[in-house]
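Following this line, the structures themselves.
Heads up, the next two complexes both have chain A, just with different partners, chain B and then chain C.
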Partner chain A sequence: MMEQDLDKLEEKSIFIIREAKEKFGNIAALWSMGKDSTTMLAIARKAFLGKIPFPVIHIDNGIDFPESYKFRYDLAKKWNMDLIVAKSEIRQELSGFSCCGANKTTALKKIMAEYKFNALIVSIRRDEHGIRAKERYFSPRTKDFTWDYKNQPAELWNNYTSKLDTKGHVRIHPILDWNEIDIWNYIRENDVPINPLYYSKNGLRYRSLGCTHCTVALKSNAKTVDQIIKELEVTDTEERSGRQQDKEKEYVMEKLRSLGYM
Partner chain B sequence: MGVAKRVKKGAGLDAAVRKLNAEQSEANWESLASALKKSGIRYYKVAFPSGLNGESDLTKANIVLYDREYAPKYKIPVILRSGNRIEGATRYLIGLEINRKAI
Partner chain C sequence: MIVNRVTLLGQKDHGKSTVIGNLLISTGSVTPERVSEARKISAQIGKPFEPAFIMDSFSEEREQGLTIDTTRADIVYNSKIFEFIDVPGHLELLKNMMSGASSGDVAVVVISAKRGEGFTVQTRRHIFIASMFGMRALIVAVNKLDYINYDEQKFCKICDMVKAYLKEIGFERPVEFVPISAYSSENLVKASKKMPWYGGLPLMKAIDMFISKYGEVPKGSGLRILVQSVTESGNEKVAFGMIYSGSLKLGEKLRIQPAGALTAVKKIYLKGASVKAAPAGTNVALELADISKVARGSVLYGAEEKPYSMGRFEAKVFAIKSLHRETKGRIHIKINNNDVPIKLLNVLNSISPVNGSEEKASTIRPNNSGIITLELKSKYPIENFARCAELGRFAIYDGNDFLGIGTVR
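So, the complex of A and B:
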């Protein structure tokens, strides 16, 4: 896995977040208590002198890991977040595509309508999945939350679109070009707080965190950030191989994202 | 020659669960994790009887452990206590699968 220049990555991410705050009056950020969205919030604090000047949304289907809930309480308090918890209903027998599509995206639509956010900061990365590699830094969504991935704005010379369907919103992706090892290097260098579930226990750890129903642990003995970085330097396992919705159908993520999923 | 003591299967897990329910220390969670390896426990499910509106609701939450036939066998806490600090402790169950059956 190739490491990139962290200073340059951070600089661009700070620029993207500040541009978003400036161009869109009413923005919010999604937070899953995972390493990527927590890193994004850490970058946002750097961008705005220690503050997060927009609401932070957690879409809560009630089946996240208890460690994640505790992490949410602690960090929201420590970083003085304006936290919005968007509750989504869960049917116990659903999993994967059905669960994410039916529940989390529906809850997100309700919150967006209630608060009238016109832009949403989302911490996806291009290297996570093929469909995410098609994304833009500023990515328009229609009023129905759909994403026309075949017809996206060009982003040449750092010119990002601020045009949007008047009833839609724009997704902002500040860490789009970061890869997994960059995130961990940043966590190490900036002492970013991290969900303890990323560390190994009994020879297993969660490399990508979702809810309890869809997240499977992978073999690993990495118990510290340094050990995780060393492991990533040699691994040939995909980061999201422990996420059930990615296994379900061939184009499941493409379908989810075109319908509004993160 | 000494006589080998026959230990009832699950006796180690019984004791580990009792100790954990009495005190949610790191040592007791480690004991549980160790006892689970040799047990027939396969699934777990987290329940929040008081909902999840605040941090204190984590202390009222519990985990039910199920065997291979989805029969509920034990109920344990969700948290680990370390001094005044509490934290979630499902990482000690890593390797078990979540019970997604509606029971």
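So, the complex of A and C:
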């Protein structure tokens, strides 16, 4: 893959994040500790002169990798985040669709209700999945989190959905235009701190991060951001090929997203 | 690097998603994994391989064989990225089509040459809307040539119809005609041997050539900054804004509209750092000599510049729902994500997007165009669409109900 113009991508993301913050009084951002949401937070810091101006939610199912927890602790402190940890219940018998659907989404629903957030910044990208490519930058969700994807609102130029008559919320997607390689190039140019799980250890690394139960590492010797970029320039596998919920059954992602998954 | 955006237009079933699907495959812009997924799903629902499934990802889209909502995909060709925007071709989905087509620069309209398909009313609407959005050049891809035995005469007949139509609606930008068969990848990336009579470029080459010639144009020189918000930062109030055109320098005198007051730039922050100047297309944070008249929705102009209007203007519209005289202040325009109530809307005439004909009218019917005059309830800086697109285009709403789009005349 080739890189896009990082400056342009960044400017658009800044515009969207500022617009969302201005339009929604009670906004939060999801942070999975992965490269995308961490990059989004790095952009938000630039947009707001050094301070992330909204709470950052981590949905914690208790089975993330230990490296991630340390990364969370360190970066939350360094960037002075207003961090909300949403504990999600994990049931051993569930995996994939039921796990991401039932556990993560339920935990998020609880937090959204508790804090009465009316907008949520989610760092999805169009190139990750065909379903995500169908998203608007501002995408309304109903009170029970459903995504009415068959009837999305018009989104003309920067006229985004910024009001809701329902008790739902609006998902904000500031990095929808970015591709995987752009994220890495941005990380390299801006020295964005990154979860160590992306770097190769004993010949394996993670390309996309979920929790310990449904994320599979890939064979790689890339130990630095430069090496990761080199690897991506020639790869012919999908970024999320190590993620169970994308494949399990056809349309799992569509079902998950229509039910409120990220 | 600039973004090369290409919008696909045209009637449903004429092959837009198939064009993109096969371009993605032939240029190697998708992973084999995604292609084999589309192959698997085609087999599952008992269809031959459908390249459109790479774009159409919703289960309903695949089962019913249609595109419900707009989507995008990057095609890498000639060491450049082309962002292709697919849009639905159904009449009821025109709102989704507009959402996709609003961001394209160069458009490719796909017209099926198959008997009974041809240059339809819906395809004409698509071209009409794209030309309102400021499409700078159009490539007409005449598709399904395999159904007409790659017959040059039949191809030319469609080209002539399109040329006549473009004349009717007054579209005077560059146009190119390319015969293709999208499903069998004829003349998509490589020149087809089945059409020796065609001397032009294959589709992807034509797109590349058109984009480099007519793609992105330089922004006008007059300074215009849209203010998104005014917030406290430390002890100072700062304005967050996007520079739509011109460039901003430290110390520059600015006119705040609609307030009309003058001020000067004390400090410019770009991407978090203090700078001496900032170009068009960037988001800045500004400290000003006097920020008291600046609010969300203000536009900061160079001191010598003026808006075209602050409250009354004429616009060309495309109606999704019927538009007629309004005096109650119930409906509003949405411009730069600000809702400005309409005090008075008057319909002057209606324009047919099918043949460009104009007639005096008091109502613009759904899926038709026309000219209206608008009077806004509160002042808002407006520009001619041709002079500053960002301040000259808007959507019309009744509450959350989308009524149509407009561009300022």
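Following the convention adopted for this analysis, the second predicted complex is superposed on the first by the 261 of 262 C-alpha atoms of A that agree within 3 Å, B and C clash if a C-alpha of one lies under 4 Å from a C-alpha of the other, contacts with A are read in each partner's own complex, and residues count from 1 in each chain.
The rule we apply is simple: a residue touches a chain if its C-beta (ideal position, glycine included) is under 8 Å from a C-beta of that chain, and two chains touch if they have at least 3 such contacts.
Here the structure is a predicted model, which means the values were calculated and not measured.
Once the two complexes are overlaid through chain A, chain B and chain C fit side by side, free of any clash as defined at the top of the document.
Shared-chain residue A:14: touches chain C; no touch with chain B. By the touch criterion stated above, A:49 is placed in contact with chain C alone, chain B being left untouched.
Contact comparison for chain A: of chain B and chain C, C touches the greater number of residues.
Applying the stated contact rule after C-alpha superposition, one finds that A:205 touches chain B and leaves chain C untouched.
When both complexes are overlaid on chain A, the residue A:197 reaches chain B alone and has no touch with chain C.
An angle of 150 degrees, to the nearest 10, separates chain B from chain C at the C-alpha centre of chain A in the overlay. In the superposed model, A:154 makes contact with chain C only, not with chain B. For the pair chain B and chain C, the least inter-chain C-alpha distance in the overlaid model is 22 Å.
When the two complexes are laid over each other on chain A, chain A has no residue in contact with both chain B and chain C. Those residues of chain A whose C-beta lies close enough to touch chain C in the complex are 1-2, 4-5, 8, 10-11, 14-15, 18-19, 21-23, 45-47, 49-50, 126-127, 129-131, 133-134, 136, 149-150, 152-160, 162-163, 165, 179, 235-238, 241, 250-251, 254. Residues of chain A that touch chain B in their complex: 60, 62-63, 65-71, 73, 91-93, 95, 196-197, 199, 201-202, 204-206, 212-213, 217. Against chain A, the residues of chain C that register as touching in their complex are 1-3, 31-34, 41, 44, 54-60, 68-74, 76, 79-81, 95-96, 98-99, 102-103, 228-229, 233, 238, 240, 242, 269, 271-272, 281-283, 285, 296, 334-337, 390, 393-395, 399-400, 402, 405. Within the complex, the chain B residues that touch chain A are 33, 37, 46, 48, 52, 54-55, 58, 61, 78-79, 86-92, 94-95, 98, 100-102.
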